[in-house]
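Both of the next two complexes hold chain A, though its partner changes from chain B to chain C.
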Partner chain A sequence: MATTTAALTISSSDLVGDALSLSTSKELHKADTTIGVDQTTGYAKVYLTSVQPIDIFPVIQENGSDPAGGFEDKTHWIYVCNKSETPTEFVTITISSQVIGKLYAGDWMWMPWSQSLDTHAGNLHADIELTPSVATGMFVDFAMFHEGIQYPDVDGDNAA
Partner chain B sequence: MATLTPTLTLVSTDATSNEVNFSVTDTLTVTDPQIGLSKVAATTVGNETIILASHSSIRYLYLKHTGKDASDSDVTSTLEVEIENGKSFAELGAGEFLFVPIGQNSGSVAVQLEASAGTIVAEYAYWTKG
Partner chain C sequence: MAKIDCSLSVTSDILPGLDISSTMTLKKADSEVGIELTSGLVRRSFTSTNQVDLVTAGAQNYGTPTASKSAKVYIKNVGSDSTKHFKIGKGTSSGSAAATAMVGNATTYWELGRLYGGDWMLIPWDAATTTGDITIQPSSAEKMDVEFMVFFE
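Up next, the complex of A and B:
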């Protein structure tokens, strides 16, 4: 069983009168178990040169008609970091067409990825998109730890 | 203005054949409004627990499922993180946490919490991008 641990610390010496220091950690488990997640996309780095929205992770599939599908209740954890060094440059994070927020230069996010909203045809259960604010080039790092995803088939509909 | 320093570390010796061990730190300039570490008992009705009202700025949100209910009993139910009723974008299990920049979608992004059953005590804090 694989053991992957995520730890977060948040600190500040000047935010409030007393120094702020918050820390927490958690092993990443498969849904409703204490078994560690055993799959990952690996740590990836891309150079984006368009302001068009892109998918950096395969979508989570509902059961649909594909016997291999049905990943909507499984555990997925994502990390995304905007590596730009220009403070005004950002990437907009969207999940199933819902804007969640923006990562400015150097900012990163860590969150579980799952949702019940289905706004797509073809039983595409959830879909994370990144939209760079500039087309002049921006590095983005990302990784996902998970217990199951389905990569798109050649025609993109993932039908059996 | 103040400086906030979040650090994420991911470690695994056996998830892949090569060891996973990376850490990322950001230096955030933050300003008001901010909410220090707070606790709330979420119910099964999302809009009863709005932890972040609609806003037009970026708010750095820390949120954790404590694994406890309002009676301090252990729970395994999941905590839905929603931007409005029925629109969940994340689901936290007991002990799990997230750190995400939220907002700047024409001021329409809020965050509310919904327990899948009973109540769930969540810890949260947020800071506004300066």
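Up next, the complex of A and C:
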């Protein structure tokens, strides 16, 4: 069984009156189990030269279908880091076009991700999208740890 | 100016060389100035499966997180049960056990992910009024606890 552990430390000596120190650590498990997640997209490092939004983690499920495996209810964890060192350069992170927040220079995020489908007729997906603030070039790193995702099939209909 | 450091370490044996180590210092938008405000660490208990707001934008008793500024949110399911989770979302909560429908526009809700016992997350937060609220929905009506902390300018 694979073991993946995510640990966080938040510290500050001057945010509040006394020193702040918070530490937590957790193994990543498959949904509703204590079995470790055993798949990953690997670690990507990209250089983006456009302010066009891009899908870094797309949901492939089409037209409300729920393919064998039920990816929506599986565990996924995503990491994104803006590697820019220029304070005014940020990336906007969205889920299905809804803004989660902005990662400024050096910022990272770590969150679980549900590969949900739109429950209305719009057939929108919970794609994780990223939009650089400048077209002059920004490095961004990202990775996903998970227990299952769907890849696009060769004829494009993603049907079984 | 305060200095808040957040360090992430991910170790994994899924692939060799996959470990992640990254530290960020929380700063105000478009600047080198550190974030100075926080909600403090908040703990809440839930005893129903209703979908409700966990972190709301706009005026709070600890300050006013707003969309145009920098903010980060830490959330942890402090339980230990691997079969119970919180659904964490962003947008408008239903207030009932039937979650708000997910539609990808600025006026509704989208599920971000699920925190099982012990799981934590740290995300940037676009604290837009109402639609920027962070929602939570327990998977069980048995008592479940969560902690959160907001850092903002």
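Please note the rule applied: the second predicted complex is superposed on the first by the 134 of 160 C-alpha atoms of A that agree within 3 Å, B and C clash if a C-alpha of one lies under 4 Å from a C-alpha of the other, contacts with A are read in each partner's own complex, and residues count from 1 in each chain.
Quick note on the criterion: a contact is a pair of C-beta atoms (placed from the backbone, for glycine too) under 8 Å apart; a residue touches a chain by one contact, two chains touch by 3 or more.
Keep in mind the model is a prediction, meaning the values are calculated, not measured.
Peer 1: Report clash or fit for the pair chain B and chain C bound to chain A in the combined superposed model.
Peer 2: After superposition on chain A, which the two structures share, chain B runs into chain C.
Peer 1: Give one of first, second, both or neither to describe whether A:Ala19 is in contact with chain B, with chain C, with both, or with none.
Peer 2: Touch status of A:Ala19: no partner.
Peer 1: Answer with first, second, both or neither: which of chain B and chain C does A:Thr34 touch in the superposed model?
Peer 2: second
Peer 1: Could you tell me if A:Cys81 is touching chain B, chain C, both of them or neither one (first, second, both, neither)?
Peer 2: The answer is both, since A:Cys81 touches chain B and chain C.
Peer 1: Using the superposition on chain A described above, determine whether A:Ile95 touches chain B (first), chain C (second), both, or neither.
Peer 2: In the superposed model, A:Ile95 contacts both chain B and chain C.
Peer 1: Mind working out whether A:Ala44 is in touch with chain B, chain C, both or neither, as first, second, both or neither?
Peer 2: The answer is neither, since A:Ala44 touches no partner chain.
Peer 1: Residues of chain A that sit at the chain B interface in one complex and at the chain C interface in the other, please.
Peer 2: 2-16, 20, 22, 24, 26, 29, 31-32, 37-38, 40, 42-43, 75, 79, 81, 93, 95, 98-104, 106-114, 116-117, 143, 145.
Peer 1: Can you list the residues on chain C that touch chain A in the complex?
Peer 2: Its residues touching chain A are 2-15, 18, 20, 22, 24-25, 27, 29-32, 36, 38, 40-41, 70-72, 74, 76, 82-83, 85, 87-88, 90-91, 101-106, 110-116, 118-126, 128, 131-132, 149.
Peer 1: Quick check on the complex: what are the chain A residues that touch chain B?
Peer 2: 1-16, 20, 22, 24, 26, 29, 31-32, 36-38, 40, 42-43, 75, 79, 81, 93, 95, 98-104, 106-117, 141, 143, 145
Peer 1: Name, in rising order, each residue of chain A that touches chain C in their complex.
Peer 2: Of all residues in chain A, those touching chain C are 2-16, 20, 22, 24, 26, 29, 31-34, 37-40, 42-43, 75-77, 79, 81, 87-88, 90, 93, 95-114, 116-120, 122, 124, 126, 143, 145.
Peer 1: Looking at the complex, which residues from chain B come into contact with chain A?
Peer 2: The touching residues are 2-16, 20, 22, 24, 26-28, 30, 34, 36-37, 58, 62, 64, 76, 80, 83, 86-93, 95-105, 109, 125, 127, 129.
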